[in-house]
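Letters A, B, C and D name the chains as they come in the text, with residue numbers starting at 1 for each one.
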Amino acid sequence: MDFERIKPHLPWITLLALVALVGISDTNFLRPQNLISMAADIVPLFIMAMGMTFVIYIGGIDLSAQSMANMTTVIATVALASFGIGAALICIAIGAIMGAISGFVTTKLLVPSFVSTLAIGGVVFSIGQWLSGQRALYMDATLRDNAFGWMVGNTAGIPHEIFIGTVLVLAGWFLQTRTTFGRALKAIGAGEPAAAASGINVTRIKIMAFALSGGLAAIAGLLFAVKLSGGSPTIANGFLLPAIVAVLVGGTPLTGGVGGVINTMIGTLIVAVIRSSMLYFEIDATRQQMVFGIILIVAIAATIDRSKLRVVK
Amino acid sequence: MYELKAIDKKFPGVHALKAVDFKIGRGEIVGLVGENGAGKSTLMKVIYGAYKPDGGTVTIDGTAVRFQNPRQAMDHGIGMVFQEQSLITNLTVMENIFLGFEQQFVKFGVINWKTMAAAAKAQLAKVKLDIDPATITANLSFAQRQLVELAKVLTLEERIDGDLVILLDEPTSVLAKEEVELLFKLVRELTNRASFIFVSHRMDEVLELSDRVYVMKDGAVVDVVTRDAANIDAIQHKMVGRDIDKEYYREQWQKPYGDEVLVSFGNVSLNGRYKDISFDLHRGEVLCLVGTEGSGREAILRTVFGLDKPDTGTVTIKGEPVTRFHARGGVERGIGYVPRERKVEGIVAGMNVYENMTLSQMGNYASGGVLRISEEKDMARSWIDRLGIKTPNVYKDCGGLSGGNQQKVVLAKWRSGGSDIILLDHPTRGLDIGAKEDVYDMVREMCDDGVGIILVADTLEEAIGLSHSILVLKDGEMQKRFDGTPGDKPSLYDLVHHMI
Amino acid sequence: MSFIKKFIEQETINRRNFLFASAAGMGSFAAAGMFGPGMARAAITDPTVAWSYRNRTNPYWNEIVSGGEAFVESLGKEKDFLTHLINEGSSEKSLADVKALLSKTNGDLALAIDTNDAPNARPVVEACVEAGAYVSTLWNKTDDLHPWDFGDNYVSHMSWSDEGPAEQTARILLDAMGGKGGVVHLGGIASNNPAIERLNGLNNALKDYPDVELLAAEPADWDTQKANQVMSAFLTRYGDEITGVHCANDTIAYGVLEALRAEGIEGMPVVSYDGNPQAVDLVAKGDILATVFTNPHWGGGITASLAYHAATGHFKPSEEPNEHREFYGPTIFITPEDATRFKADYIDNVPTYDWTDFWGPSNGQIMYN
Amino acid sequence: MNSFLTRDILVKWAPLLVLLVLIVFFAAMEPRFFSVRNFARIGISSAPALMVAIGVTFIIIMGSIDLSMEGTVSVCAVLFAFAFLAMGGTLASIAWLALPLALLVGAVIGLINGLIHIRLKIPSFMASLAMGFVGTGFALLLTGGDRIRIEDEAFRALLTTRWFNFPIMVYVALLFTFIAWFIQSRTTLGRNFYAVGGGEELAHASGLNVNRVRVLGFMLAGIFYAVGALLAVGRIGIAETATGNNFMFVAITSVVVGGTALWGGIGGVWNTLIGVLIVNVINNGMVVIGLPGYVQDGVLGALVIIAVVLSTDRKSVSFVK
């Protein structure tokens, strides 16, 4: 049947349909400037969701990503004064290390990732609070512009976040499809015992996936801190669920081995469009959350490719 | 009394059943044979209600029925004995036996465990299995589980007043000879109550037990023969559409093995698994481990592959003593493992042919972690040609290949990676005759290339036919070593004698 | 108590000025209309009015919103005319929603906003300024961000200095404890500015009460259930040593009171903050000794009003002095003696405010340390 | 064989051991921790979470997951409060009908949740996550953000009346724990949860109506969430949209800490009881020994990892996701 062939394309068809739907109701939405700005604003969330994708791709979940981003905003702000652009490396390194610890706890200590990442998230959150002295911190404007000004400017009307997001999604896509790491991830996600029997170092690959998720969550936090010119141990709150939703709506189900970073990019955009549509359709404030949930059910029902799910648990 | 007429079933891209007619009378035992993919399992799923046919009619005693799910089939007296892995291992034996039919033991919403245990005991007595019904199923042997499966289906006897139709799906694959005989005896006794549909790859067993045999090929019934008129060669011819080579196991190709020792076990023991095992595997040798389930065959394979560290003794691979045991050790030492659970440990469903083939040796096709995908595809294409793998292209999802072709992909994975020690764990399990022959061809070819093979065979005939050397194991201890020189091979009896 | 009296008197005077003010307002409308479309952003005839805030589950924000709605009703519109942007505690969503609304309205927007976290204020303000919309902020902004640096579009910022009022409630508490014993503090989300200031207030007061020991200060995240659990644990740890409780807001106090109730402890002095209706009832009953009313209804309305009237050209923010651009909101104390009166005046009958009297009840220019 | 048995027993009792070690540890750090009054406090904070965790235990035993509890608890709490006040506002009147009504609401939400999961073939993680949003959103729609106070002394007796030093809500929670245990071990439905968790396809082939078991499981979970909601309202006397906050992570963490496997088939109600107590003892203990607030999340995380590591039957697990 032809529908079989359409299935993999459902996520972006859903996205286009949503854009068209909102666009018809209000053409303001379709102005390129609006769409670009919407895409630029969703980039930090996208980066976090992309990291999460690698973990969900192997059938796990990373609930520490939000705390990781929170901590990073604090570290970035604190480290900026002494290290300048080096603060970025510190952030990413710490994110990756904490992610690797989650991975270690999951794979070596056999704690399900749902709990291990939640627990490591708690640890990370505590570090963020401790470092910040439990208050919001501000970056020095000159220092920020010198070190990270390139992250937030505009070139030819296109915000630099878009470039950052594009570079990362290309890198992620390359990693996923063209490298031994990406191949190993797919094998582990789709058939872990066979991957292990083929001599793939499953533990190492899994730990790397969690480290990658941690590192990308840190980049998300860094970008967010630069954008807001400051950090606080709670400033990235509210990232976690949208990031998970973005991955799922994009068509990377929790069963592993299906989907990928491109799916997540589309999923993130779907989340962004749904959120904007609340305003465009003037949904009453007290109804927005409920409507969001219902649209979410519809969107997931539309985008997941059930033929790849052996058992629906 | 039970009849299928012109049953049709289509899946996306596959016409699985083509106008199949099937009939079984009261008290009859009907065999069902065919190559893998011929439609046997689809037909069985239609019979016990797991699939709804797209066309055709099902009648019982002349009344048309249409089952929505297995439960409705059961209510009409149709039960299925699955292969041994079909019990839910975290439940007790009695819960498995009465799964879905607990209601009879429920009073005021409460399960009465005592009456259930007593009833389970009665069912187990039918298959002459004396175990505590409250045992957790995970603690049973595979053979015991197979009998529990049978006991479970036999609950239909009490539940259904009318006639029963019981499907037996490969019930003998894990049973020892005596257990097979017990099973057959049971089945014959039960024919006063039930009809049986018997599916097996063991042609001799099918003919021994069945009154009539349905032969399927490509989704259609190509022949129905009665026992008296049956002839194994003729049936096999119908199944595969050609004659089976007399020299089925390629004995004539068996050549003496080389001098170089690839794997050497020196008094190796692993507590609870095997004891004091010694052997040498040479280049070009097929060494077969023979024994019942739990005799230590698989445990030895695991140690060779580097998974389980033995307690005492020395394991030497290509002259190097093995000290570190971990999951990747075997692959690093050039050992390839062809697992029994092909779909779980062999191939990765969801990945395509070339991805599966390079899985164990991605490093050879990558520079700095970046894959050279075109080289992968070239390699895959050459192995597709060499092994005659039937796939439209290298992009085909391996999960969608037939069992035999999956097995070839697994072998190609190891061969292309240059593994010169191959562990074959039931390499022909679940394969049809044609695919089996291909596997035997590959075994000989590998020997010619100087590969050493350790085999745990599906049948004793296979073990005898293929091997240079046979080690007979019992309860983890080595009983006897046979040489398998062509013309001087041990007999079935010789082996069985030492196995049990 | 005189706090309330003074406050109400002030309000009454303001109401008297109402007629005059609205007459002026009408005039500006007319004047603005005359400039026509050529003046583009100088005046927007009918801007969308929006309030962006954290959530609807906290009574404090509901009060804010009721003010915003009262304001749009004063314009002769339906309540629904007010657009709600709820950020669910996410700065990222807060910013994304604002941008979406700016795009939808083409910049014809009068926005009142609490940006959820201080650093988020700058990008929000910058986005509004770029789109030509008018924005007034409440509570959160960084110290280096000032309305007067953005011409007319960043209309105003209102905040409250909680240190002083919190210190005063602390003194009421410490006096009730007889100047001795042990006090525990249950705070808001640790990094929130008001949470920090309210704890500072307690610490300042404690300097004058050498015999009172601050046993512990834990964050309860403005959350009733969390406060309930923290208080339970405090009771285990300190038992009878606790002779007074200082809560960072009313919702925390509810949890504390229930924890005390569960233990059968009566008469423990408790003070809180925010002056929610339910808390006022509790003050009247004497369960809470004091709370601080920040008049969120007025705050919510006036913040929207400032943005709206700047947008419509009713006044030109850049011509206003700095104390009209950044100012403290009103605070009044509620104690058992005046709680009933306060309830009658403010809760049972919400006063009708003159939404063009922008700075009447305000409390002076914001000072930075 | 003997060593095998001891390992089994050790694994079985590990969560309880962890709990006891924690109690001894906190008691050693701060003797006041070890008092009946404090245990009552731990009981009060555990009771609602226990009900929610037991609800989700059934789902996890089936190998699925349910993330809708926060929404369900809020909706049940709010609808209960509305109905309770509308019918008289005291248990002495017909307003007691609001109690069974709340359970009914929980069951209905569970039913919807289960049907979305089964009928639309959406994995339970996603279906229930989305249903959680819908639930919280619905509660918000109902209340408009307001809080509803339940002042009725008879209802609040859940908290204020004590028998043998423990408030009634603790006994109610224990009663429902027993009911849950009974369902788990003595009813067909309960045993079928284990069958589905142990092998869904096999259970289906054995004639079990797996989808029906699934849906009933979600309904049962919904009923327990509703009980949790009632206890949560009883504890602080307020029903609001935020009543359900924080239940999700606490409940699932507790279930895992108690030794129930997320991949299904293993564990049960008693494990969850121990798990909830472990989490609440840690939370209470950290405050009692005076750990600064900002390190508490980290310490809880570290202790949870240790607890899970100790209570996992490592040999039965081939890999963990």
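Basically, contacts are C-beta pairs under 8 Å (C-beta built on N, C-alpha and C of every residue); 3 or more make two chains touch, one makes a residue touch a chain.
Predicted model, so just to flag it, every value in this text is computed and none were measured.
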Among the other chains, which touch chain B and chain C together?
-> A, D
Most C-beta contact pairs, which chains?
-> A-D
Counting only C-alpha atoms to place each centre, which chain is farthest from chain B?
-> C
Could you give the separation in Å between the centres of chain A and chain D, each centre being the mean of its C-alpha atoms?
-> 29
Intercentroid distance (Cα basis), chain C paired with chain A, Å | 34
Per the C-alpha centroid definition, the whole-Å distance linking chain B and chain D comes out as 43
Scan chain C for residues touching two or more other chains and write them down.
-> 56, 190, 219
For chain D, what residues touch not just one other chain but two or more?
-> 140, 144-145, 294
Note: chain B residues in touch with at least two other chains are none
Chain D partner, complex, touching residues on chain C are 55-59, 61-62, 65, 190, 216-219, 223-226, 228-230, 232-237, 239, 254-255, 258, 261-264, 278
Within their complex, chain D touches chain C through residues 30, 32-33, 35, 37-38, 41, 44-45, 140, 144-147, 149, 159-160, 167, 232, 235-238, 240-243, 245-246, 283-284, 286-290, 293-294
Interface residues, chain A side, partner chain D - complex = 58-60, 63, 105-107, 109-116, 118-127, 129-130, 134, 192-193, 196, 202, 241, 244-245, 248, 253-256, 286-294, 296-297, 300-301, 304, 306, 309, 311-313
Which residues, counting only chain A, touch chain B once they are in their complex?
-> 1, 4, 178-181, 183-184, 186-187, 189-191, 193-202, 257-258, 308
Which positions of chain B touch chain A when the two form their complex?
-> 12, 327-328, 330-332, 337, 339, 341, 344-351, 355, 358-360, 362-363, 366, 369-371, 373, 413
